[in-house]
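Below: one structure, written as structure tokens.
A, B and C are the chain letters, set down in written order, and residue numbers restart from 1 in every chain.
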Amino acid sequence: MKMIFAVIRDNDNEAVSQALVNKGFRVTRVASTGGFLRRGSTTLMVGVSNEKVDDAIQVIKDSTSPPDESGIKRATLFVLNVEHYTQI
Amino acid sequence: MKMIFAVIRDNDNEAVSQALVNKGFRVTRVASTGGFLRRGSTTLMVGVSNEKVDDAIQVIKDSTSPPDESGIKRATLFVLNVEHYTQI
Amino acid sequence: MKMIFAVIRDNDNEAVSQALVNKGFRVTRVASTGGFLRRGSTTLMVGVSNEKVDDAIQVIKDSTSPPDESGIKRATLFVLNVEHYTQI
């Protein structure tokens, strides 16, 4: 299992979260702030099985909107390995 | 060392944090939101030595309350490896 | 690539974030709370290439202020491995 930390723009929060949930991904959202431009952002934590990582990234790609300004990215994604996963 | 990301219900935040601290665990709390039901949740980040992971999970189990509704889990836990840990 | 989770005191948030950004590091900030003393803290997520981890830690060291009280640390740092990193 992997955990994707996806830092997205606030504007895209609803669309991306909804798209991920619609595809069966579990999403936890955290309000965050960029360090440089101090824009509001949202950090999504998405727990996914190894074989679904590419799918989840594609969903995020497809559900983010093009930034108004050049030089701004839609999303920054970090994929980390999860050693153990459990629900209580 | 491991880092446990524990997504718990807001209701359980105080009890779980207190129980972990009482057992000597260091806890950092972040307000979060579930992606699907959009309930408020709390994400705890707990840094633990390898041999204490099971203890920490047990503390979380013991200090969460049963959800009112069926199908809701008490907690979702992700255990990630920490390559380097330091305090300044 | 690594991700550094740095839990710092709120007081140091601006100085540390600015120092990291000035050195070219990408920082995402999340408001957090200590589990024990329940002080406000900030958790910085810093994505860094493997060879820059020590630099980033040094920047954090240099930009935090000494705590007023003894027994309080300036920062707690967890370095986790990132398996895959991408920007969209």
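Basically, a residue touches a chain if its C-beta (ideal position, glycine included) is under 8 Å from a C-beta of that chain, and two chains touch if they have at least 3 such contacts.
All values reported here derive from a predicted model rather than from experimental measurement.
Superposing the C-alpha atoms of chain A onto chain B requires a rotation of 120 degrees, rounded to the nearest 5. Homomeric contact chain B/chain C: same residue numbering on both sides for under half of the interface positions. Per-chain CA centroids place chain B at a distance of 21 Å from chain C. Contact with two or more other chains is made by residues 30-31, 80-81 of chain A. Listed in rising order, the residues of chain C touching chain A in the complex are 1, 3, 17, 20-21, 25-31, 44-45, 47, 80-88. If you check the complex, the residues on chain B that touch chain A are 2, 5, 7, 30-36, 41, 43, 53, 57, 60-61, 64, 73-81.
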